[in-house]
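Dropping the structure in here first, questions after.
Chains here go by letter, A, B, C and D, matching the order in which they are written, and residues are numbered from 1 within each.
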């Protein structure tokens, strides 16, 4: 036990430590930090292996608020996942970023991200969670805007952070409501005490989670996040960060009310479907994967909503591997295209094709992970997706709301289609260029091979069909006792297999090398008819954000103008008049412009001049005035009093 | 004998002389005229004093007017001395020109 | 009856030169007409049976002050006779002021009822004056004496300075 | 030694000013070192003060709530039928003023280093600087209303000249506007001071003189030492303009301090003053002078008129909320970096109003913490703005881009402080805001929507900070004037010396805020409970 107490904080600090070391020396930054991460991975393995009941560490942060971490089986496993993926990504980016001048900054940021992500996973108190939640948001901002030279990328980073910030505002509101309503302020207590949160607090948390996991209203930022380097996208925007929302919902689901869970389910399903549709017509290789991530996240959240959160966690686990694989493969394609000729956009699928023979390892990795994503049997994706589909089906039966299962099944089909389309377009067809490049053995191939292999089924469960056969299932949810009816229902099983095969078939039929659509694809530009446009622009979500920002900036400049013109003028008006009136009045204004004080001065000058006219230097006149005043006094006393 | 002349007659007379004196002082440009004006005003006062002292057994009126006369004499002498000085310095006798104070 | 005629004559003698001074621009003539007006005045003093006053008037005013003025005039004249001609200025203003003053004071005098009690003169007025000088008015007498000294010394000093 | 510590802290700079006065004009470096020494000693003394402050004191009423109390007869006149006029030098601190003093001594020390490469008549500058430091620390420690008012006014003078002489192009206008604006504010405070003076009596002196001895001491006013028929005595509710006279007195105080804070309608002097003030002075202006306004709320407005404060929480919270949202919005519309930071200060000061209005321990604690953390953050932000201004003489956001390429270390610090200021958790900005939100949403005096709207403030602040960050620091390196490109060297050692301690403090306070809130907690709790009890007592009368 004491060993765990030592290892635990070490696991927490190592990423930051390795990031700093990497950041300091310029040359070998990535190699050094990957050694550090490997050591951390080893410790995480020990932790996962030896941990049986949760450890809690808490100390007083503020008077009524304290800071707390806890480690139980779920987040131990996820920490292991984060370590694993980060290590693989770092190894991959050794070659990917080899000629990038500021590698040290890249490593430092990666380390900072891993640190804050692990912190988020480990935090027990809500305030601690919020703290790391925002730090993760900030590190994603830093990483997306890594190549800050290009204004487009830094703008994307800012927009991503802003959208996250809006969602985090709701999360903060939720956290504060938890404090004020006296609910338990840490996950372990909420689990133990079983208090139900009120609906509004639940909604705040849900919006926070939706923001981070790029669900329906907030998913615009994930496509923007593709502006970051591909290894970053693989790590953050596929495997780890975006799953934070799913993790939060899993943690707080016991405290949520029923209708909150329904909101989650519907939200997840809708997002999954919309993202899948959006992925159909994309040209950018990374955009397709981004939309597919959003869709798969939708699946996980849907799983939580319908109560099948074991399946969601399982899907989170498998998705992390094959999606990271897909991204890294895409990364190596982009790397290759970039080497080829830097003029053309390396990410645009239209200038790709026939890479099968040129980048064999990348092709096979992409193929396996892609099929896993599409949910082909004998691959990991099938198992976890199967669990979610069964859960949604059962949930649909029990609550009679069949919208969610229908959307889930359609998305399954669409997923198969768009991943099939991508594989065919990128790797098949004729080779448009001759240069052959051999991928560097270790740094690119090994991670790809490992991820592809992990997408096979036997890593995860013996029986390729049964979703509950997941090794970790027993480990994670032993205390909950797997509910028996989670076993796969034959109908759902067959339905999902049919859908996947049909999706792949249609994709093959449309985009096989000799099909005219495949050939036409190279020169095609944006789809013109409505459905195509909706899909291409991702349901116009980004346009929606721009409208809000434009409205917002109008308000802002209105406020700025108001402040400058009205309030400031009002203050100056007292002393200096500057209100713009008609030109005539303007001229009069000019007299007042030099201020009340000068005005006073001019008045007194006027009086002075008038009075001095009496005291003319001539003595006699003075005598005259003297007598006159004498006369007036005389008259006054004599006749009037 | 005196009753025939109305008492206010002398008051009016001295008043006239006094106002004439004022007019001269204000209107004329020469310093000497100013002196003349002042003398006239003093004499007007003396006339009044003398007229009323006849009803006064202690003859105060006359006594005062004597003093007035003496003072007038002193005053004129000094005035002329100053006038000479001014004349030597500025070569003018017109009171209006004397504006050195005003600068 | 005689005295009233004499009074009218003497008032005419005083008023006429004053009016002339008002009108004339020539300073010399003004000074001499002033002398005439002093004569008229001393006549009036006699009628008001203040003979000593009349003599004093003649002696000091007509004799002393007028002569002084003439001397002053002669010394300050620049060219032959240009120096004597002066101009009038703010005629309207001066006359207005004096006329107003005259009107208001006259109205005032008309209102007041002077108590006229005629007292028989007893004894020699001049002796009485001399006596009064040394009894009731002793302080004034001394002060005036001292003042005259200061004035004359001052005047002579000023005049001397102007001499070099 | 500890009994006269407070007076030493307050008047030590004044002593040094006397020394500096006799120095010949040319010796700039020597004067700077002396000033550094003076503020350094002041800082050390305040650290001693902090550690020798007994945090476990549980006071019952205000008279024994203060430590390091020093009281001496200053002015006592016999005014005939008005009885005795008694003003005494009454100084003491509790948790709230302790924090403020430590903050001000630290910022004053930093300010001296920030104005190190000053060349224009250095002697005058540092004399005014030391006078300013005396009056600021004195203001925080004064327990006699008259003494507080003297220090309050005394602060304006050096500030006026510091902006007026060493400022930027439009300094004349800005300094006059600043001076007159705050002066008008202090007139309101003066009015209330006199009203209070006439209705409070000091019983301790009464027996010697057998007459009513009016007194200015805040402790009496707070403990309710009112004479029976005073104007502002709680019981006799004379109506004026339809409101209880105490309400009006409270509103006058609030307006006076709101001008200083500044709160929205009366804030327009701040951007001008900041834009024109030299770097070190705008650090002080933002770090200290704004806190005087906040401190005034704590000590005077809320301390003496708790009944009015309780019944007027709603409008105060509304103003606080407007300040937060409005300040943020206008900050976004600025194109001068320093002006944007000034408006962001207006927005952050709105939190203090909101925190106080929530009338509970979290709110008050949050407001206090926000004052301290804003002091450090805005101080650093103005130093950063000053860095650009020193190099190019221009601060326009639109005139630069891609500074990250030219000045990476500088950009690092800018990112840290921008994120601290927009309230990233883990940095000190978040703690203050979090507590204020906790207080505002949990308080039973305020409706929930005020808290929710102010939470939008953190989104707005994120917007304008990141927008400025992106326009100025990211993208291709470009400056409006070609000549500036050569002068854009990275941070010098001196600037680093300034920024590193501030960065450490901001991170430390973010991670472990209890370092400063812990010892002060008793006095905040006492402050809130005492205000509550007194308000119930007064309202009952």
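Keep in mind that, in the parts below, contacts are C-beta pairs under 8 Å (C-beta built on N, C-alpha and C of every residue); 3 or more make two chains touch, one makes a residue touch a chain.
Since the structure is predicted, the reported quantities are computational estimates derived from the model, not experimental observations.
Between chain C and chain D, the least number of touching-chain steps is 2.
Of all chains shown, D has the CA centroid lying nearest to the centroid of every protein CA atom.
When the C-beta contacts at A-C and at A-D are tallied, the pair with the greater total is A-D. Ranked by how far their CA centres sit from the centre of chain B, the chains are topped by A. With centres taken as mean Cα positions, chain D sits 77 Å from chain B. Centroid to centroid, with C-alpha atoms defining each point, chain A and chain C lie 114 Å apart.
If you average the Cα atoms of chain A and of chain D, the two centres end up 37 Å apart. The distance from the centre of chain A to the centre of chain B, each centre being the mean of the chain's C-alpha atoms, comes to 108 Å.
Residue positions of chain A touching 2 or more other chains: 618, 620-621, 624, 627. Shared contact sites, meaning residues of chain B that touch two or more other chains, fall at 22, 25-27, 96. Each of residues 89-90, 93-94, 97-98, 101, 105 in chain C touches at least two other chains. Of all possible chain pairs, the ones that touch are A-B, A-C, A-D, B-C. Put simply, chain B touches chain A in their complex at residues 22, 25-27, 34, 95-96, 98-99, 101-102. Across the interface of their complex, chain B is touched by residues 1, 3-4, 7, 11, 14-15, 18-19, 21-22, 27, 30-31, 34, 37-38, 41, 44-45, 48-50, 52-53, 56-57, 60-61, 64-65, 68-69, 71-73, 75-76, 78, 83, 86-91, 93-95, 97-99, 101-102, 105-106, 109-110, 114-119, 121, 125, 128-129, 132-133, 136-137, 140, 144, 147-148, 151-152, 154-159, 161-162 of chain C. If you check the complex, the residues on chain A that touch chain D are 60-65, 127, 130-135, 138, 141-142, 145, 148-151, 154-155, 157-158, 161-162, 165-166, 169, 172-173, 176-177, 179-180, 552-553, 555-557, 559-561, 563, 567-568, 571, 575.
The touching residues of chain C, counted against chain A in their complex, run 89-90, 93-94, 97-98, 100-101, 104-105, 108. The touching residues of chain D, counted against chain A in their complex, run 177, 180-181, 265, 268-269, 326, 329-330, 332-334, 361-362, 365, 401-402, 404-405, 415, 419, 424-426, 430-431, 434-435, 437-438, 441-442, 451-452, 455-456, 458-459, 462-463, 466-467, 469-470, 473-476, 512-514, 517-518, 521.
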